[in-house]
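The following blocks contain the structures, represented as structure tokens.
Two complexes come next, and they have one chain in common, subunit A, joined by subunit B in the first and subunit C in the second.
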Partner chain A sequence: MRPSVPERAALAGLQLLLAAFVLLPFFWMVSVSLKPATEPFAIPARLWPEAPTLDNYVTAFRPEFRTYFVNSVIVSGATVAITVTLGLLAAYSFTRARLVLITALMSLVVLAQMFPHAAIIIPIYRMMRGAGLLNTYAALIIAYVSVTLPVAIWLLRGFLGKMPVALEEAATIDGAGRLRVFFEIVVPLARPGIIATAVYVLIVTWQEFLFALSFTATREMRTLPVGLNDFVGQYGIRYGELMASSVMVSVPVIAVFFLLQRYFVAGLTAGAVKG
Partner chain B sequence: MPRNDTLFHWLMLAPALAILGVMLYWPMLGTVIESFHDSSFIRPQPRFVGFEVYERVFGGRDFPHIVRNSVVWTVAVVLLQNLLGLLAALLLNRGLPGQGMLRAIVLLPWVLPGVVAAIVWRFMYDPQLGLINSLLLRVGVLEQTAAWLADSSTAMAAAIFAAVWKGFPFSALIYLAALQSVEREQIEAATIDGAGPVRRLVDVTLPAIRGVIVVNIVLTTILTFNYFDMIWVLTRGGPQSATHIFPTKIYEVGFGQFRFGEAATYGVVSILVLAVLVAFYLLATRSTAARRRTA
Partner chain C sequence: MATVDLRGLVKRFGSFTAIEALDLAIADGEFLVLLGPSGCGKTTTMRIVAGLEEPTAGDIFIGGRRVNEVHPRDRDLAMVFQNYALYPHMTVGQNIGYPLKVRGLRGAEREAQVRAAAAKVELEALLHRRPAELSGGQRQRVALARAIVRRPQLFLMDEPLSNLDAKLRTGMRAELKHLQRELGITTIYVTHDQVEAMTLADRIVILNNARIQHCGAPAEIYARPANAFVAGFIGSPPMNLIAGRIEGGRFRHPAGGLPLAAAPGAVLLGIRPEHVGVVDAGAGDLVAEVFSAELLGDVTLLNLRAGPSMVIAKVPPEGMRPMGMRLGLRLPRERLHLFDAATGARREDARPKDARPEDARPKDAP
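Coming up: the complex of A and B.
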């Protein structure tokens, strides 16, 4: 049944409204990032700069920013690799093992997803200090792996649970060992799930703020979100640079998301809706 | 199951379980232990004081504010985010031209790093240079600029609005997936019976996705209650604690003032609140699963 013309016009209008609501802050961020430092802020503000320029990006890409960027890449990269690997191992056994405790253990994993980070951060801080890990990559990577692992296991379990076990059984009968079956059959088949999980873990760790703020003390160890928050204090009035930095922090995750959103959206909704 | 199979599976599970135990469950217990100890910047060595810290926190001036703010913040963000998410999902489920692109665009705020979103909104709310004042002045709603985040009567509403913008895409994504699983025949049957769009929504679509709505509301409640980034970057809990919620207060007391015992006490209270929410979540998922089995 085709909607009538006025109905279609109304729906199109609503769609535009939704797009405008979502995009307005993005538009403002980009607009201000392109504004020359010399162009004064008009009151009320001008929507688009008179002579857009990339100068703010050049200035904002200062050595500290590059350090933060490298730190974020190292910490997020290591977290994604470790979380997805350990999550995959665990998720496989959560779907295949017939152990007595398996349901109880899975409940503990589901429960751990909901832990308030602020409420458990002080004992973790004490542990890190005791181990001499404060202000190191290791502190952040360990914390990030811990908080992303429950969701990763849960997402991957959704995927592995839907994979047929017939292939694995056939390979076992042909004499393939447990590990060979896992690496040569399970891992390749689970690829879409692995990608979806990796994207999710990346989005979460790239923006993590609380642990990074609490566990790093020097500029050399700051990650992008903490560095950006410092900029607000330091360069508070230089909005052009602040917005240019914000764009540069956001572009990597947005790019990854758009490249892989096909896997990601399917994976996340499958897990979330089917529980 | 053969012995070596059992061993294999335990080895596969061991690293993940060890990490969760040491890094999540043990600290949970650690927070409870810490809350019975007093420590400060000058006396960093924790000393056992029983319920003394609890008495101090509960009797303090800030505590009722934190509770009230957390309730207002969580309820408002969750309701608005789910309402908006559901409306957006209904709109995106119509199969209109340009939907694929719009679906990807709608998810953008959720992908945007939290600190970036907060900084951009801080700037949107800027009294002099912000876009919001600028637009409101232009259409004549405001006669002079307003300092949204510096005024304790508007700061919480401003933070809620920004958090809804950041969070509604995720709800929309979940609701959209749920809507796509609603049987077409049911809707067509209702249409033939003469049901208008509102009737179809209330009688067919909403009951069909009721389980997802309940689970999603509980889940977003947990996430919102725990959400630190937005408020910390926008207001740091100010002005005059008008926007302080549990996570921001814990950080301020713990890492701003190094009063770990007090921070842990706020932590224990928020753990107890979450325990109740999690119980709701488990009940909600269990009843949804049960309904699916009988369906």
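Coming up: the complex of A and C.
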């Protein structure tokens, strides 16, 4: 049934309110990043700077920022690639294998993601130190893969589980072997699910702070979230540059999300309705 | 082209038995229909032939070669699935060409074969469309073209017409039959629709409860069903099965009876709706009352209540009768089938007797 005009107006109003509530911090971040150093704490507070300036961006875009950015891209990119590949293979096995043992393994996978990061960080740190991996990309990539993989498997399993097996059987009878069926039928059809999972993994790893801080020691290895911390000093916080950096950190992820949004929504609800 | 030979086939899923000791030999070029209600094992049988399921026991021979351990790809067969199973990310042309692509055929030769297959099912104009842009009937044609493109030695079809609307189904049925005759490829066809089975098959295998109930040509199955299940499954509407007893050379029923020389016992008397004679009350073998009447256009179906039994009579359209009207049913002796009430098996010992003095005695009261 189509809602009446007043009902729709009320719904739209509520949606606007919700959007404002969610977006206000982002707005404030952008606003502060454009304020000259004197203004962030001016009283009365201004929603929008009187004299917007890009000075903060110029200062924030220092050489270190570029190093951190490259590090983040390498670590997140590798994590996304490894997690999605492993997740896809594992999820496919979980949906197609008929063994009881394999079903039981899935519960273990779910269990694995229940531990809070704070609880596992010290064991992981000791393992990384033992393996001589501290302060390397590998340390972060391995740690990120291990924390994102369970959710990735879970997401992809839901997606693959709803794909009709008949398609794979048809390909089998058409003459394709198992690998060929996987790469030519399963992977193309799972693309929305793969993209949704990749976006999820990217968002998680791009903003991860605790592991990045703990497993890296030098500026050369730091990632963006840790880099933001540079502006938090012992005697004060340089809000202008901090917010400008935050904007620059957020933009790539937001851009990716907007570009792939339709896959993301489709991936999370795929199969919910008969297509 | 190939023969198919199934020997002692058994398939169990846990404690459930889908197929029990099935033996079946299919001739080269034959159109064989596996017919039965859902869960009777017909699809499982086909999937075992395809190599998508492994039998629990028994052997599968295709073209004289035992293929139990052979991968589906090397069994040289093609299959049409109930929901078509077209690859949604490929065009019609790529769908049809996939079996060729997988087998390493490329370029102009592949394209020529795809075109030839598409032409057979009148799809040439749609080769660049995606399956999602096609109607149900067109999708069905793509699935068919994908099956015939490689000229396999065996076709497997799993209820290929069941997702089409009634009108389209009739048209596709004719096309399928024509195509199969033209190509002369051995075909195993699974359906639960007895009209499809009757019209398409060279031979029908009726399955129920994991076992073959009857195996024979459509006309034979219709004329002499091997048991009560087959009798009640084939024909639309199916054969009337009237429960009664044979006693003293008569078939006795609460609504009447008729002379029938057969060994005494509980029986099911079978008669096809088109053979039931509707006569005036007081005449005929059974008394009955009109329960409902349905005019189908070319015929009228009378649902008649004869004592505890419902009997359907197929009469000419002008044979419409008002509800509640009492009348008599004549059961022509030469049209009767007799089945054992306990086992359902066909009994061949019935000898319709000619009218004798003992038949003159009053009919059993309803």
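FYI, the second predicted complex is superposed on the first by the 241 of 275 C-alpha atoms of A that agree within 3 Å, B and C clash if a C-alpha of one lies under 4 Å from a C-alpha of the other, contacts with A are read in each partner's own complex, and residues count from 1 in each chain.
We adopt the following convention: a residue touches a chain if its C-beta (ideal position, glycine included) is under 8 Å from a C-beta of that chain, and two chains touch if they have at least 3 such contacts.
Model, not experiment: these values are computed from the prediction.
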Superposition on subunit A - do subunit B and subunit C clash or fit
fit
So, A:G132: does it touch subunit B (first), subunit C (second), both, or neither?
neither
Tell me which partner A:P150 touches in the superposition: subunit B (first), subunit C (second), both or neither.
first
So, does A:G13 touch the first partner subunit B, the second partner subunit C, both, or neither?
neither
Applying the document's definition of touch, where does A:L228 land relative to subunit B and subunit C: first, second, both, or neither?
first
Which of the two partners, first being subunit B and second being subunit C, lies in contact with A:G77: first, second, both, or neither?
neither
First, second, both or neither for A:F209, with subunit B first and subunit C second
first
Counting touched residues of subunit A, say whether subunit B or subunit C comes out ahead.
B
Measuring by CA atoms in the overlay, how small does the subunit B-subunit C distance get, in Å?
7
Jot down the residues of subunit A that show up as touching in both complexes, subunit B in one and subunit C in the other.
none
So in the complex, the part of subunit A that touches subunit B is made up of which residues?
1, 3, 8, 11-12, 14-15, 18-19, 21-26, 28-29, 32, 41, 43-45, 86-87, 89-90, 92-94, 96-99, 105, 108-109, 111-112, 114-127, 142-143, 145-147, 149-150, 153, 178, 203, 206-207, 209-210, 213-214, 224-226, 228-229, 232, 239, 242-243, 246, 249-250, 253-254, 257-258, 261, 265, 268-270, 272-273, 275
Please give the residue numbers of subunit A that touch subunit C in the complex, ascending.
164, 166-167, 169-177, 180, 185, 188-189
Could you please specify the touching residues of subunit B with respect to subunit A in the complex?
1, 5-6, 8-10, 12-13, 15-17, 19-20, 23-31, 33-34, 88, 91, 94, 96, 98, 102, 104-109, 111-117, 119-124, 128-131, 133-135, 137-138, 145, 165, 169, 173-174, 176-178, 181, 191, 212, 215, 222, 225-226, 228-229, 232-233, 246-247, 250-251, 254-255, 260, 263-264, 266-268, 270-271, 274, 277-278, 281, 285, 288-289
Subunit C residues touching subunit A - in the complex, by the definition given at the top:
50-52, 71-73, 77-79, 81-83, 85-89, 98-99, 102-103, 146
